[in-house]
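Working notes for the structure below.
For clarity, chains are labelled A, B, C and D in written order, and residue numbers in each chain start from 1.
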Amino acid sequence: MSGHDPAEVDRHVRVYIVVFVSLMALTLVTVAVSYLHLPLPMAIAVALAIASVKGSLVACYFMHLISEKKLIIAILALTVFMFLTVLFIPTFTHMNSIELHG
Amino acid sequence: MEIPYTVSVRQDTGLNNGKIGIWLFLASEVMLFGALFASYVLLRTGATTWPRGASILNVPMATFNTIVLITSSVTMVMAWASLARNQFGRFRLYMGATILLGGVFLTVKYFEYTAKFHHELFPRTNTFLAIYFTLTGLHMLHVIGGMAVNAWFWGPGAKLWKTNPTWFTNRVENSGLFWHFVDLVWIFLFPILYLL
Amino acid sequence: MHTTGTTVAHGQSVTGAAHDHAGHEEKSFLWTYVFSTDHKVIGIQYSITGLLFLLFGFCLMMLMRWQLAYPGSPIPFIGGLLGDARAPGGTMLPEFYNELGAMHGTIMVFLGVVPLAVGGFGNFVLPLQIGAPDMAFPRINMMSYWAYFMGGVIMLASFFVPGGAAQSGWTSYSPLAELAGSGQTMWLLGMVMLITSSLLGAINFLTTTVQLRAKGLTFWRFPFFVWAQFVTSFLLLLAFPPLEAAGVLQLMDRLAGTSFFLPSGLVVSGQVLQVSGGGNPLLWQHLFWFLAHPEVYVLILPAMGIVAEIIANNTRKPLFGYRTMVYSLIFLGFMSFVVWAHHMFMTGMGTVMSAFFQTTTMIISIPSVAILTSLIISLWGGSIRFTTPMLFALAFLPMFGIGGLTGLPLGLNVTDIPLHDTYYVIAHFHYVVAPGTIFALFAGIYYWFPKATGRMMSETLGRIHFAGSFIFMNMVFMPMFLVGLAGVSRRLYDGGASYDFAQPVLHWNRVSSYGAWALGLSQIPFIINFLWSMRHGRKVDQNPWQATTLEWAAPSPPPHGNFTTPPEVYRGPYEYSVPGRATDFYPQSERAEA
Amino acid sequence: MTEWLGLPALASAHGASIDKLVGLIHIMMAVLFVGWSAFIIYALARFRKSRNPVADYRGVTSHTSTYLEIGVAVAEGVLLFGFSVPMWIQRVDKVPTASEAVVVDVTAEQFAWNIHYPGPDGKFGRTDPALIDMQTNPLGLDRKDEAAKDDIITLNQLRLPVGKPAVVRLRSKDVIHCFNLPEFRIKQDIIPGLTIPVWFKPTTTTDEMRTRLGKPDFTYEIACAQLCGLGHYKMRGFLTIDTQEGFQKWMDDEEAKLKEEGDNSGWN
C-alpha cells in the first residue's frame, strides 16, 4: 500500500469489517464441525479447507496481498514452491522406504 | 548520508525498502513453520496411535483465543488505517487495543499451559504434547515479539509521527504485516492441534 | 525468530538514525570501527573474523592429521597443552578426535567460508558494485554481524563445557547427537545465532540489490558477482529456516525430554532409554540436508562470482555466455532445493525416491558444467595477465572441476554404495570447498584489497603463497580419493588402522598429513603479506586493475557513503577491449562521448 | 577393467556391475577433465599477454560448448537410466524370499554386531528389551519362546554359505550405524526403529580369497561406516564365507552346543 488517500482507505475499512465478520463465522463453523466427529480424513479435509479460506482472507485483505506489487507476489510464489517441497519430506519418508515391518 | 527509498517508493519496483524487507522476513517465517508443519505430518502419519486434539486440549479456550487474535488483527489494521486517515488519536486507541488483545491471548495460554502441567501433561509425555507445546510455544514467542514492536510504536516510537508521518505509517503497516502473519499461523495451528 | 521480528521493524528506525547522523561524521572510535553501520566496516569485520575462524578450523584439522598419520602416538609440543580430558599424555582421545572433526566442519562452513564469502565480500563489494551508498538496513546489517559473532563465541566456549564440544559430526545426526554431552546444546544455540545472522544478512542483500541499484543498472547489467550473491541470499533465506526448525526440535529433545527424533525402544549400553519415543531419526536428516545441500551452493556461488570478475578483468575481454551463466546460476539455485536426499541414499530408499533424487542430482550438475565451461572458454582470445588474483582464479577451475566431477559417482545411487561415507566423499567436497572456494576467496582478497585499503598486496609474496597452496592442497586431498576408493570410512579415529582391508592405503594418510602441515606453512607468506601491505603496500588510485565495474569508480578506500557523486550506468559489466577505443576497458559508469 | 581404481577385492555377485559402473563413470570424468585441462593450458599459453597483447572483444563465437554440454547431459542420462536406476531396482525390489535365501538378523549397538540366526525352524525367537543383559543376553532373546530354542546368537562373527543369496535384516539398539561389507559392495545405514533388509550373493569363500590374495590370514570384515560414537573406529566384525557343506556343519555343531546348554540351563 503506497498511496493511501482517505477515500481509498475508507473503502478499505468497509472491507475489513466484512472480512472480520466472515472470519468469525468461519471460526465458529470449524469448531461446530469438529463436534460432529467426522471420520478423520473427512475432518482434516474440512478443517484445512476452512483454515485455508480464513488464511487467504487475512493474507489478501489485512495484508493487502490482493493489491500488492508483483515483486512481492513473485517472492511469495517462490516461497510457496519451496514450502511445498518441504511438505514432500513426510511423503518421501513414509511412502517409499525399504524397511520391513515386524 | 541518506539511504534511498526508506520512505519514498522506488519507481520500477513501486515499493520502499521496509516493505520488501518485512515480506522477505515473512517468507523465511513461512519456511520455518512449513518445516515444523512437515515434521508434524511426518510424526503423525508415522505414529501408531494419535489422540484427537479435543480429547486432551481445551477447545473452548482455544476458540476464544482464536477470536481474540482475529480481533487483534482487525484493530491492528484499523490502527494503520487511522494513521493513513491522519487520525493519530484513534491510532493510539486501536494500537493499544491490539497490544491488550495480545496480552489476553497470552493470559489464556498461560492458563491452558498450567492446566496441562497440573494434570502431569508435559512435552515429554507423548509426541502429540511434544508437538503441541513446541508449536504453540514458538507461536507464543512470535506473539510476544509482535507485541514488543507494537508497544514501541505505541509509545516511544510514535515520536516519528511528528517528524515523518508517512514513514511512521509505513512502519506501522509493516509491523502490522508481521502481526497478521502471527494471526495467520494461529489460524492453521488451531484446527491442526485442537480440532483434528 | 521473534527477535528478528522486532529487529526488522527496528532496522527502519535505524535507517532513520543513520540519516539523522548524516551531517556530522566525527564519531568515536567505538562507533566508527566496532559498532559501525557502514557496510564497508562491517564487511571488513566479517572478513577478518571469518579468516581467523578459517585459520582456527585449519589448526583443529592439523591436530587431527597428526592422529591420522600416527594413530595413538602423542602429539609433539602441543599435545601436553591439551589437558588430560582431551589428550592424556599428549595422545588425543577418540572423544576429542570427534570433537575436532565436528567443530572443524561446523567452523569451516558456518563460521569461516559463509561469513567471509557472503558477510565479507557480499557486504563490502555488493553495494559498491551496484552503486549504492550503503546497505538498505545498516543497523540490521550490524546486528547480523554481532549475531554471527555471538554464535562464534558460543561455539568456541563449547570446547570448555564438561564433556567438551559437539562431537557427533557437523551433521549432528540423532540419536547420537541427543545422547551426547552439553556441548551439543551449545552447538544448537550457536547455530540458532548463526542462522539468525544469515537470515538478517539475506534480507538485507536482497532488498539492497533490488532497491538501491544505481540509475541505469538493470539486472542484465549486473556483474556476475552481484547475481551470485543475489541467488545465494535466496538460498540462505529459504533453506536456513528448516534447519532452525530442526534445531528447535533437537533442543526440545535435549532440554524438555521430548522424542521428536527418538524412536521407541532404544537401549543404550544395556539400559532401556526412558523416553516416550515415537520419533523418527530420519526427520532430522531430511531437515538438515534440506538446508545443507543449498548450503553447499552457498559455499560455491560467491566463489564462482569472484572468479568470473577476476577472469573478465585479467583476460581483458567480456565473459563468454554471460546470459547462459546467469540462467544457469538461477536454475542451479532453484534445483539445489530438490536434491537434498542424495546425502541419504544409504538410509533405505525405495526405487521411486532414489530415482527421483538421482535424476535431480544429475540435472543440477549441468548448470555447473555450463558455468565452468563458459569461464574456461572466456580465456580464448584474451590478453591474459597472470596477476596473483588471476592465478588463484585460474586454479579454481580445474580444482572445482575435480571436486564437481567426483560428485557424479556419488550422485548415482549404486556407485554411491562403495563410496558413501568414505574418504572419497571427503576428497570430493574438499576439492570444491578448499582448493575451490578457498582459492576463490584468496583471489578475491588479492583483487579487492586495494579497494579496501588503497594499497596493493605484494605480488611476490602472493605468488609464493599461490605456489605453496596449490601444490599442497593437492597433496592433502588427492590421496584421499585413493583411500576412499579402497573403502576406508571417514570419521575414523585411527584413520582405518584397525581394519585389515585398509592396510594397503594407510601410508597415504601420512602423505595427506604432511601436505596439510606444509599447506599451513605456506599460509605464512599470505598472513605477512596481508598485515604488511595494510601499512606499507604500494599506494594506488581508485582503479588499479583498470576494471569496468562500479566499485572501481569509487575512491580507494571509499568514504562513508561510497561515491563522491551518485554513479550512473550506461552499459554491461564487462566491456573490455571494445574495438575502436583508446583504452582497453570501458567503465560501466562512463558516459558515452557523443 | 576396474583394478586401476583400487577398490577392495570383489566377492559378491552384484558387485561386478557396480564396479563396472564406477569404472565407466571415472573414465568419462577423466576424459572431460583431460579435455578441459588441455584446452585451458593451450589457451593460457597462446593468449598470454606477452604473446597476444590485444584481446579479441568477440572471443569464441561457435556453439561447440553447447553441444558439449548436451553431450555431458546425455552421457549422464545413459549412466542414470541405463545403469543406476535398474541396478537399484535389483537391489531393493528383488529381495529373495526366505525359502531361497539364508536369512539372518544383525543388530548393531555401540560398538558391536549381534548376529542372530533363526535356526532350523527358520523362525526368529521373541526378543524383549527387559531381558537384555550386556554379557549373557545382548539381544534379550527369550529362550522360553518355542521359536527361540534353536536360535543361534554370535557376537561380531557372521558366517554365510557361498553361492546362496543371503538376506541380512538390519536393526539398531541405540544410534545410527552403517553395515559395510567392502568386498561385497554392501553398505546400508541402520536406522534405530526400522528393520532394513540388504541382500547379496557371496561368490568367493574366505579360503578361496586367501589363496587368491596370497594372504593366509585374510578375513572379510564388517565395518561400521556411520559415526556412532567414540568407538566407531573399532566397531569391527568378521564375516566368514564357507562352502555350503561347511556352513551346514557349523550350523549343526552350534545346534548341538545349544542343545546341551539348554539341558543344563533347563529351557527344554
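Note that in this section a residue touches a chain if its C-beta (ideal position, glycine included) is under 8 Å from a C-beta of that chain, and two chains touch if they have at least 3 such contacts.
Predicted model only: the values in this text are computed from it and were never measured.
> With contacts counted as defined, which of the two, A-C or A-B, has more C-beta pairs across the interface?
Most C-beta pairs in contact, of the two: A-B.
> Which chain's mean C-alpha position is nearest the mean C-alpha position of the whole protein set?
C
> Taking each chain's centre as the mean of its CA atoms, how far is chain A from chain C in angstrom?
Spacing between the chain centres: roughly 36 Å.
> Report the inter-chain centroid distance for chain A and chain B in whole angstrom, where each centroid is the mean of the CA atoms.
Result: the chain centres lie 14 Å from each other.
> Averaged over CA atoms, how far is the centre of chain A from the centre of chain D? Could you give it in whole Å?
Result: the chain centres lie 47 Å from each other.
> Can you compute the centre-to-centre distance for chain C and chain D, using the mean CA position of each chain? Integer Å is fine.
Averaging C-alpha atoms per chain gives centres 33 Å apart.
> Do you know which chain B residues sit against two or more other chains?
Touching at least two other chains: 13, 15-16, 20, 24, 27, 31, 34-35, 39, 42, 46.
> Going through chain D residue by residue, note those that touch at least 2 other chains and give them in order.
Where chain D meets two or more other chains at a single residue, that happens at 92, 191, 194, 196.
> Two-or-more-chain contact residues of chain A, please, as numbers and ranges.
71, 78-79, 82, 86, 89, 93, 97-99
> With touch defined as at the start, can you tell me which chain B residues reach chain C in the complex?
1-6, 10, 13, 15-18, 20-22, 24-25, 27-29, 31-36, 39, 42-43, 46-48, 122-127, 130-131, 133-134, 138, 141-142, 144-146, 148-149, 152-153, 157, 160, 164, 167, 170-171, 174-175, 178
> Using the touch definition from the top, list the residues of chain C that touch chain B in their complex.
1-6, 8-13, 15-16, 18-19, 22, 133-134, 136-138, 140, 199, 202-204, 206-207, 210-212, 237-242, 244-246, 248-249, 252, 256-260, 275-276, 278-280, 283, 287, 290, 560-561
> Which stretch or stretches of chain A touch chain B in the complex?
It comes out as residues 1-2, 4, 6, 9-10, 12-13, 16, 19-20, 23-24, 27-28, 30-31, 33-34, 40, 43-44, 47-48, 50-51, 54-55, 58-59, 62-63, 69, 71-72, 75-76, 78-80, 82-83, 86-87, 89-90, 93-94.
> So in the complex, which bits of chain C are touching chain D?
That would be residues 93-95, 98, 167-169, 173, 175-176, 179, 263-270, 272, 279-282, 315-318, 320-321, 346-351, 354-355, 358-359, 362, 365-366, 369-370, 372-374, 376-386, 394, 397-398, 401-402, 405-406, 408-409, 412-415, 417-422, 482, 485-487, 489, 491-494, 496, 498-501, 505, 576-579, 584 of chain C.
> Where on chain A does chain C make contact in their complex?
It comes out as residues 71, 78-79, 82, 85-86, 89, 92-93, 95-99.
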